[in-house]
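Encoded as structure tokens, here's the structure I'll be asking about.
To keep things simple, chains are lettered A, B, C, D and E as they appear, and every chain counts its residues starting from 1.
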């Protein structure tokens, strides 16, 4: 199934990674069209259930993109997000779903290239893992 | 508060193996405070169950609900009566007391515990709870400056340290302070060291299960 | 004056090291090792590190054609030519000389003119028209007679155009003074660093013109005109006679019916000589003359007026294969305009282009503007 | 409000920026077919007058109660479209924006079908999310008419005086024992040719005289909490500590020249920095026949990859003063690019060349080598290495951030960039504001600046601050969290996780969040075990709807 | 006495000063000479170093100025006279007639479609065309149309008035007259910006004779999505050829019609008409061949310091030229994957925040070639392509490099009306003609109560203009609050 195009949900924070996505856009850095961004004020807003729901609805992968450590506009939203993402990974491995489907990334508003590389890296990783076991219909 | 922790998913999934309609019943009391069995965790667990079953291609219906206090029958009855025959099994995310209250109230339905109830404890920091009280039924804290030797001393000694501690740490584990040294320092601080000299006491350990009765509160039969 | 002093006087200290001069220099385009900017850089550094003596031995000082293309475009208005001329003076003084062309025949001829030897070089004038020994107008012929002899085999006739000039003046009722004693104006010596010789020649010429009582001196050759107009006053103060270039003088007199011009059906292009154009600022007079000749269509080369490119050699020195390349590029540019005649206003440009053409297969005629004018006036 | 959902979708061409890659008509048809969508229209430029009036007209004609705009980034245009919704009579927060330009057409140019599919998904997610949008009101809060200025260099003092002159009280804190910042050690300022100390003393005198300014020296900022109009600030002066309530804060903490340890064998005696030279110039104790200055010493190199803007002009200024003091000194300036931008700087450069200062360009890969008494460089015109005599070598080092920049950024919760200069809200159009409303920025703390530029920025920051100060209340938008008391288990989780310590237990024994103080990050909302905290701006229902819609194609 | 402030100039500096004052509760009059505010920044496609689309980040501010309760827009107006002193200026203002009622006009644009008069469009630097009735630029504020009475047929006594017939809002009023009125303000901020230097004076660069040598601002318009070529990067020479082709085709159509009518009436020789037709056809095929030969733009050259740092024209540096060219080189790679840019410079002045990193990225990621050497001369090779002569100072060699397009980073010179304002208001100018200020009081001019900001005071980039605008607002606020 080499033409498998994964669908990846991205929780992106208004101040840093969303701005990095904008910069990737204005610098016209091309990256795979597999990600769909859900904007949140801060990655601290993303709860464990949001990530699980995205997976349950059928996303092949989910990643949370927050600010560089220490530069979060709300000081420690991104630390919180990192811990919750790790908790979700543990839960997934408990019900033996590949924990690599969920990742946490950190980037500043000025790192447009990094945003694009993350999108590319995540798409390639999910392609390797294969489609989510929860949406057989879309394989 | 009573502190509990969700069981490993493997064990949970094993328990509910042959059931299709599962009522995940949270409790908004202690287990919400220790973030183990509150409404949010109910939703997390239900999602995980659905994901597991979907992955295995097996049907499942999860019903999510939470009682105010699952150790209080009046808090359970309205919820469970309303959904009398919509579920095959109750997966209770309350502490042990909660699970047993449901089991007693609805004997014809299997009730499964989702949590392991650990202890009655203190919230040291957000996400970290430590055991504080064994509920021995005969509290000695008045004589030990508020530090319970029964719970905090590995051997539960009542009348002084075992002498195995080194540099203030219990011989059982070096990051656990020796309760009696703590008691000594506390009493010294409160200059009540003389409490230590009181005559040693013997504990009348309770017979389980305990029962507390307040006649003044009990229901009056008005024939 | 020391190089350090010159750097200050000629604003070389303001050089922004930007490279426009080298980019414009016709020599740098054919001789990669030569860069006016780098030469100035070396001279400044040597002055700063008290190694002036050594830098004056540089070969590059003589590669510059002094065509002022860099001066025209320098954003810091560095007086590059004055600097080069003064440095050449110092170099010449310590024996660093330029390589003369044609085994230095023209230099020797000029040398001889300071030896007080009597000359008789005005016979052509008496044949061509009316001249006199004193009068208001002095016609300065310069080294045309000598060039006429030296470069006869090239088929150029400098004296031909001198004669035409005389006839035209006579037609305007002017019998100019033309004297045998006239010496070379000293232009080449000035630019080859031999200032003493220049001064000698200049002093003699000034005294001659005064003796003839002339108030206006007419020049046919741009170098003579420029040397009298700009450099004589530098060394001898204000001259008490007016310096006029023949084309300036004639450009507005052609139209009145003094001359009935017969049409010359041809397409021509005009080469602005450095001395006449960039350095003396005369661009429009020659064009007005060409325009007044019926039937003659002027097609401008792409690099005209201030952007005109040098004819490859100056002061009969340093003529090499590089000069040929510069000349051939210029001729090709002339050819590209579709013209069949390249008109120039300077006897030396005329000689250089003719010489370059003689060893190439491009059909292009090179004519002196005076010559063209005279034939249109059928004089 | 009628509960029947009527959503309007407006898709923007943005010239060719979006339409060049996506089929706008196709997207419109797709949007029309989505649930609750009443109308879907396209515009060449939705952000232009024609676009916003089209939205307003569509809201009226179809009495829409939700608006979705698919165009560019909400970070710049959301306020604009919110205002249009407000003018059209619907709550500005019943509006959802989809970015199909920066996140779609601009970045998936070579894969048009996938971009089209993605744009469709994004619009479907927005429409699904729009269904759960709730109206949000704004509310007012008091503004303390007091300003805190941190740092008393030329920038700090100028902004303090500007504010005081407009009638506002100012608290000025300075971490050193005396005020003045960098200028205390400098010789003269070009092109005004005024002595730096004179300039500083004049400002310090004005500050001491001004009764609206209270200044504290050797004062260290300890803690800042609160929000625009109502910051509570704690700073310590020696061993007594002060707290005060201020409306706005101006960061003017400045910067210091780099001490070039180990560069061009700097020894502070024969190889000194420009600031050390200025001290010598001030005392006029300098004798050297040949002086070599080296520009970009420690700047524009991989580990400090920025041009420090002012060192060229400092060097040129000092060359001119050197020429005054030592008549026939030979001065060489070795540079990579001379930053003499503008009218005055270029005129000074010309004056330096006229005075005989020699400027020699060096390439970064062949830097000058300083030996004792001479400097070896590759001379571009000579085409080989030469030695310049150097009795004195002066290194032009860059301005770097103070080492306490990081701690101030943590106290004020404002970001700093890779080189530890404070990061402004927008590089082009709000250079003096922070993204955190109510805190402003000027001087070297933002980026190296000449005295004239620092003064200009200081006046600018004062003007920005006056905007808040000149109103006694400030309007806060209601994008904050609020506790549904009937669901709260009083488990104190929200109190523990809030970065701004905003939630508290009210008299009814339930958690409560003071709307004015809540910054709207949502950390507590996601952490609350009882799911009792509501966040209308981005509720769980909205996120769930978006997730579901993501896959429903 | 008056507490209001007048800001002269509707560019980004004027707008920022106006908004700062209005937000502080001070009433501000923003006066602009052109039909719409926006200034030079509105003509830019993108801005450095963030590559933001210029009108996108400026648009919201234009809106804010129009909608703000404390601002009054005075567009298409000029200052006639100023008397009084700080705190109490009497300003005589002439508001030129637009011949359109600003309240009725909805900027629907129907009138412009039908207007028969086509003239060069100055907003697009003359590259595109506009009609006699026009909107200055699509996102322009106020969003109304204007009739240019110097070209409109109605004002040349000819019969037309098509636009009045079409306009549903009946907004067109040919009888509208200029209005002159008096304004009492407490302080004035001069934000009149700058003008782009006309490089046709520099003969050796061939601007004006070689079609494909254009200025940086013209290149911005070619890059811009709402520019004359809708963002498709094309050479002016191919634009000229395309225009000529269109004209020739029109002439051919007319010639064919005349030929047919002659044949029908079969009197008079038709071969003469046939000959002109054949000539036209032949010319058309020649033009078509030339256009095909040109192909797309591949190699672009950026020439720095055109008319700047040059004692023959402007001694000063334009402060933004280097970064402007790097940005245009980066943005141009988006308009054609095989576009390569070369920048000819002497000093790369990337001195602002994030500028140096932007410059490095330009070289590394976008393959921009940097030649250190100022361009000496631009000629044309035999195919008519512009050729640059320069000394590559790093390679120490003279180079002759042909390009498809040459962009001149032209100097920044004082705006046209600045001398008139100077003698009306009495402030001094510096040696380059910009408004002079006291070095220690950056925005204070020699006239009391009159302040300056942005490029009116000297060449500067946008962040500096915006900071200085806020500074001028601060000084003006101090003056009108009477405490200063």
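In the analysis below, contacts are C-beta pairs under 8 Å (C-beta built on N, C-alpha and C of every residue); 3 or more make two chains touch, one makes a residue touch a chain.
Just so we're clear, the structure is a prediction, and the values are computed from it rather than from any experiment.
> Could you work out how many touching-chain steps separate subunit B from subunit E at minimum?
2
> So which chain is farthest from subunit C, going by the mean of the CA atoms in each chain?
Following the centroid criterion, the farthest chain would be B.
> In whole angstrom, how far does the Cα centroid of subunit A sit from the Cα centroid of subunit C?
78
> Using mean CA coordinates as chain centres, what's the gap between subunit B and subunit D in Å?
51
> So what's the Cα centroid distance for subunit A and subunit E, whole Å?
43
> Measuring centre to centre with CA averages, how many angstrom lie between subunit B and subunit C?
One centre to the other, that is 111 Å.
> What positions in subunit A touch 2 or more of the other chains?
Residues 26, 28, 47-49, 53, 110 of subunit A touch two or more partner chains.
> Could you say which residues in subunit B touch two or more other chains, in rising order?
In subunit B, residues 40, 43 touch at least two other chains, as defined above.
> Give me the residue numbers in subunit D that touch at least two other chains, ranges are fine.
Residue numbers touching two or more other chains: 350, 361, 380, 383, 417, 497.
> Which chains are in touch, pair by pair?
Contacting pairs: A-B, A-D, A-E, B-D, C-D, C-E, D-E.
> Where on subunit B does subunit A make contact in their complex?
Those residues of subunit B that touch subunit A are 8-10, 13, 40, 43-44, 47-48, 50-52, 54-55, 57.
> For a test of understanding, state which residues of subunit E touch subunit D in their complex under the given definition.
Residues in contact with subunit D: 12, 16, 20, 23-25, 47, 49-50, 52-53, 56-61, 63, 67, 106-108, 138-139, 141, 143, 225-226, 230-231, 309, 315-317, 319, 347-357, 360, 393-394, 396, 430-432, 434, 439-443, 458-460, 462-464, 466-471, 473-475, 477-478, 481, 483-484.
> Within the complex, which stretch of subunit E touches subunit A?
Subunit E residues touching subunit A: 46, 50-53, 334, 354.
> Looking at the complex, which residues from subunit D come into contact with subunit E?
14-17, 20, 44-45, 47-50, 52-53, 72, 76-77, 79-80, 83, 162, 165-167, 189, 191-192, 194, 199, 300, 305-307, 309, 337-347, 350, 361, 363, 380, 383, 417, 421, 426-432, 442, 446-447, 452-453, 455-464, 466-467, 470-471
> Taking the complex as given, what residues does subunit E use to touch subunit C?
Per the touch definition, subunit E meets subunit C at residues 203-204, 305, 309-312, 346, 373-377, 379-380, 382, 389-393, 396-398, 400.
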